[in-house]
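What follows is subunit A paired twice: with subunit B in the first complex and subunit C in the second.
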Partner chain A sequence: MKTRNMSWKRKGFILAFLAPTVIAFVLFYLYPIVTVFVTSFCKWDYTNITSPEFFGFADMWNNYKYIFELYPYFWEALRNSTIWALLGVFVQIPVSALIALAFSRKVKGVKFARNVYIIPSMISSAAMGMIFLQLYSPLYGVVNPVIRLFKQNFSENILLLKGPAFIAMTCAYIFFTGTTTLMILGNIMAVPEDVREAAMLDGASGLKQDWYITIPMIKDTLRTVSILSATAGFLLYNEVYFLTKGAAGTYSISYVIRELAITSTRTQFGRANAVAVIQILAGMLIIVFVNLLYSQLFKGKRIRRNGGQS
Partner chain B sequence: MKKRTISILLAGAMTMAAVMGSTVTAFAGEEDTLEFYHGYYHDESEWPAAKVMRDIYDEFAKTHADGEVKFEPIAVENRDEIVSAEVAGGNFPDMVDCGLPLSLAAISQGLVLDLKPYIDENNLQDAVGLNYTQNDVDGHIYTVHDQLESRGLWYNTEVFEQAGITAEEAFKDWESFGVAMDKVHELGGDTYGYAAGQGSRYIINAVLASTEEGRELLKGELTPEGIESEAFAEAFKTAAKLDQANGSDHTTEDVGNLMDDFNKNGKAAVLFNGVWNASGIDAGLADKIESQIFPGNVSVVTAGSGHSISANLSEAETELALEFLAYMVSPEVQAKIFTGVQANPCNTTLDLKALAEESGDPITQKLAEACTQVNSAETVVTDLNYVWGSDVGSAIINALMESAVEGTDIDARFEQLKQELTALVA
Partner chain C sequence: MNRKMKSNPQVRTMSRGTKIFTYICLAWAVLVALMPLVWLFISSLKKDPLARPGFQLPESICLDGYISTFRDLHVMRYFGNSMIIAGVSVVISILMISMSAYVVARMEFKGKKLVNLMLYSTMFIPATALTYPVYNLVNKMHIYNTRGALIFIYACSGLAVSFFVIKNYYANIPHELEEAARIDGCGYAMTWWKVIFPIARPGIMTAGVLAFLNNWNEYYWASLVIVDREKLTVPALLSTFTTSFRTNYNGLFSAMVIIILPPVILYCVFSKFFVEALSGGAVKG
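And now, the complex of A and B:
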């Protein structure tokens, strides 16, 4: 009897502590996601802003049809956001990992370099957008003079050239890897020193140690930062807002949502939420893709190692 | 046991705090105060006009400090976001001086007070000026802006002289404007024609204003027929060709980025901007810069959004809000707005030239000249951004900016823009 009482008390105790978090989760995560999903099937704009109306089963895909078939910036935005997500995984993370490996070496001045490297990460992406706007200015920026070394008389605004504008936008965020580098570095530092020493005794060079020991041992962190980086790329907004406002083929999914919900005087919440649902689903796909990618990558690595040993 | 009791109490307190937080906030706003949100939050050193406006509001608050309802001006950076958030929840702030066009959602939900009956009863038609006609929505007026957004252009007489052009030739029509800008371009060096992109939206506006068909388009929402019209095609292509000749290196989505080139450095020949630019001109250039309306005797004057009042206030609060509106458009306050804020006041009974002479300030005299020009233009039209919506405006600006790149096929870009706009207005 006493044990059962204790068990109930224990459960009540756990529930009491969990309650605030569960309530907050339901209120601030689950409820908005469900609302976004449900209202994406509703007529919800300036004419009925406080009372979204379900289109009915026959027309329930109206918002999606508009987004897929009529809205002029959706496919461009989806393509761009997907490329930025992929660049996050295939460019940002390798760059971060390389820098983290370099910072993990015990050489003179590395602590200072680490601190300097992290400074840009403290600047908001909005401020970064403004800085890059100056860098790309055709009148007083530093990029056009560099281009003129290869192409004389070049005087165009690169943020208005289709193609270069996308690259310029990508460069404005992709190399700012301070946070991911720190996360990877923290994990590298946690790799037991005796494992490295054992490898060293076996004759493994520094690079081989990194490739065969350090990277496999931090693969879970690499997977996590890859997901973070891919989703950050997929959700890119500030850079688009500050640099081009979508001109020259640089719309992003987040920017499109803003255009529909805020910029449009017709306050198209229903259509914006249809894009948001696609964004959520795409975000989930990104997580699955990164997980599969890492499973494949490290599966292959293990086989090669085993093969090598045998 | 003691520890466990404290833990349970803590968990309970956390939950209670979360629940009570919203309740406490709700009660805090229930004082008998009329809250007025405005956007003049800037420090005096940053923008002296903001202090002038705050003083005007504070004076009203002071004279009504002992009234049944208190008047509380609140300076915020995000007044439009506040309005959006309130409207999305089915509410409207007590009173707000809107920056962006008043939300259609607020009007359609009946959240905003119709000001027309009050204006008519108190014979304030001349005091609200252009608001009376431009902000009329099916016989109702939901917003009154105490300053008119009046746009023409400014030009540098020295650059014109160097290029061998006169204002008369340059502003005869858009073709001669293009020829004049080519001559400026030929000067070489850092000197260039004008800041294109956001600014060139007003070329479209002005070209549309020069034809009957175009003026009709500017009277209501953009329609698929309007997008396909000859007037629209002519307006876009005129602006795009001028922008391409001007060069993408002088193209920006925010004219503020290149404003110093005109106002301080004297590098640009022309600046498409409002009358308020008078106060931004550097003292060294003041005698070289003149105001002008658009070719074809056109100006773009928009009452735009301004003071809007919640429809759900108490009788006493509504009375105070309306009294404040009358105060803001009164000749005394309007004179302060003209001389202190350097803006075009909405009250049509003011003699701007006399006020400028009285002030003895050369900048105010320049402003008076510019205001008189735009107010008395043969054709006065509204800013297309207000009539067609800012999403349409952004699409047009983006198309113009892309057309500024050398070699861009303007016809093809226009066809793409038509598709974009047709989808946007769907």
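And now, the complex of A and C:
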């Protein structure tokens, strides 16, 4: 099969099978990315919708300067999105891993808990956002009565208070890790039996076994889902839109892009694309960061495959 | 990835501490998942949620909201839209990806590295960064404000995840099968369609279910490229609720329950299938 001189038939087959994906990639990724990068150096807004014009080399960073120095929400958005990305790695993944480990044990009710836990993941985050908007309502919600236990006569909308609004928004999505948990669980169940048995002979059982044997065995999956949830946190949009629309210090990078490019009455395509360039670069940084983090965490933590022969 | 456990050795050796800890985790999982939904359901039965806020039970059960929602909202239309858009786009993207993943996983050719790199790079690229160019492209293709626009966007986005799930699955299929089919006189395309595609079905299904869920729940693009109310998908419809139910809270809650109920019921019926698909076939529902 691996001969150098490919027959025409074979070449044609390879081309035909790759073509649709390559076309999709060019249309949806390559062309837009090139546009984003190029036009981030152009004057392009509601005054010249059809003809972006290059600033010239002397002023090529104009859009970036505006974003960094004048646009009031950029730093707030970058800080929030970064915090959400970090929470994805340091809160969502440890919690999902703990729950996945619990799901992997054969105890009564585990199947029920597992099936229930996936339900919120079947519901769109838009709907979850709407539900939390109601939960936080000062008129009929659940949160204000609880606060009133500690602080009488509290009647404000927590989504309008700087600080609490950010926490409230984070709580609206961070606990729903159904798909992540299932992906981790899938990998835990695929850990070969002999490895676990060897660990048991070594005297490692329960939590100890999880920590020393299972976690290192599933580190690749953990790394993948860490990247996924850090990225999802960094891109948070629906929650911002449904809960606060950016009020009380809750802007996110995605929200800024959408506002500049589409929803604002004075659309600023060039500037929106400058923010998009920053978002793309930050996305790459996230992947580098997670990879570094995992290679540090699991340094020297090798599993002894043939251990336990005592 | 797909070696299954025949028995779980922990059954024999679970200490008391482990057991308690496990139950704390399980309780947390159930509580977190059910609390908002139960509250939503209770509230939808209250005639006036303002009079009995929080977790207080309704005085009497009021179904007015449900009746009016079914009468006025045409929920089925929006479910139909979501179904068509998510379904068609998944079929297109999964077919496309399972073809290219096959070529990349099983054949040697020039530029293979490039294709790999290209698909891997889409993982770094946040779709929201492409907001304006894609919006522009949709306009130029004259599909703005049509279901086709969303089908196009969903079919092209999320390439990377599907690609790697399916490619990993192909990589585990023994080469002999293909060779046998080739000797029997099958062409390349026939070998793929008749032999490889059916064997790789679990992997393809996992990718398909993941993609379907993503597309079904997608809000960002849905709210961007579709304007006409009758073409909206379910998540996009939700954002119109805050204005259309401004003071009718009973109606708002009922409509929300109706909106989230079908996926939940579907999941309850097919939970076995979903759990198995999402965990890569390793967890039997």
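Methods note: the second predicted complex is superposed on the first by the 288 of 310 C-alpha atoms of A that agree within 3 Å, B and C clash if a C-alpha of one lies under 4 Å from a C-alpha of the other, contacts with A are read in each partner's own complex, and residues count from 1 in each chain.
Here is the rule we use: a contact is a pair of C-beta atoms (placed from the backbone, for glycine too) under 8 Å apart; a residue touches a chain by one contact, two chains touch by 3 or more.
All of these numbers come straight from a predicted model, not from anything done at the bench.
When the shared chain is aligned, subunit B comes close enough to touch A:Gly246, but subunit C does not.
Once the two complexes are overlaid on the shared chain, A:Ala24 sits against subunit B and subunit C alike.
Contacts of A:Asn62 after superposition: neither subunit B nor subunit C is touched.
Within the superposed three-chain model, A:Phe176 lies in touch with subunit C and out of touch with subunit B [touch as defined at top].
Contacts of A:Pro32 after superposition: subunit C is touched, whereas subunit B is not reached.
In the superposed model, A:Arg258 makes contact with subunit C only, not with subunit B.
Once the two complexes are overlaid on the shared chain, A:Ser121 sits against subunit C while remaining clear of subunit B. Within the superposed three-chain arrangement, the count of touched residues of subunit A is higher for C, of the candidates subunit B and subunit C.
Of the two partner chains placed by superposition, A:Asn80 touches none, neither subunit B nor subunit C. In the superposition on chain A, contact of A:Tyr46 is made with subunit B only, not with subunit C. Judged by the document's definition of touching, subunit A residues 13, 16-17, 20, 24, 133, 139, 144, 262, 269 lie at the interface with subunit B and also at the interface with subunit C. Partner subunit A is touched in their complex by these residues of subunit C: 1-11, 13-15, 17-19, 21-23, 25-30, 32-34, 36-37, 39-40, 43, 49-50, 53-55, 93, 96-97, 99-100, 102-104, 107-109, 115, 118-119, 121-137, 153, 155-157, 159, 163, 175, 179, 187-189, 192, 210, 213, 216-220, 224, 234-236, 238-239, 241-242, 249, 252-253, 256, 259-260, 263-264, 266-268, 271, 274-275, 278-283, 285.
Considering their complex, residues 4, 7-8, 11-12, 14-15, 18, 84, 87-90, 101, 103-105, 108-109, 247-251, 253, 257-258, 261, 389-391, 394-395, 397-398, 401-402, 404-406, 419-420, 423-424, 426 of subunit B touch subunit A.
Residue ranges of subunit A in contact with subunit B, taken from their complex: 13, 16-17, 19-20, 23-24, 45-47, 49-50, 66, 70-73, 133, 137-139, 144, 155-157, 160-162, 244-248, 259, 262-267, 269.
Within the complex formed with subunit C, the subunit A residues making contact are 1-2, 6, 9-11, 13-14, 16-18, 20-22, 24-25, 27-29, 31-33, 35-36, 98-99, 101-107, 109-110, 112-128, 130-135, 139-142, 144-145, 175-176, 178-179, 182-183, 185-187, 189-193, 196-197, 200, 205-207, 209, 227, 231, 234-235, 237-238, 241-242, 253-254, 257-258, 261-262, 269, 272-273, 276-277, 279-280, 283-284, 287.
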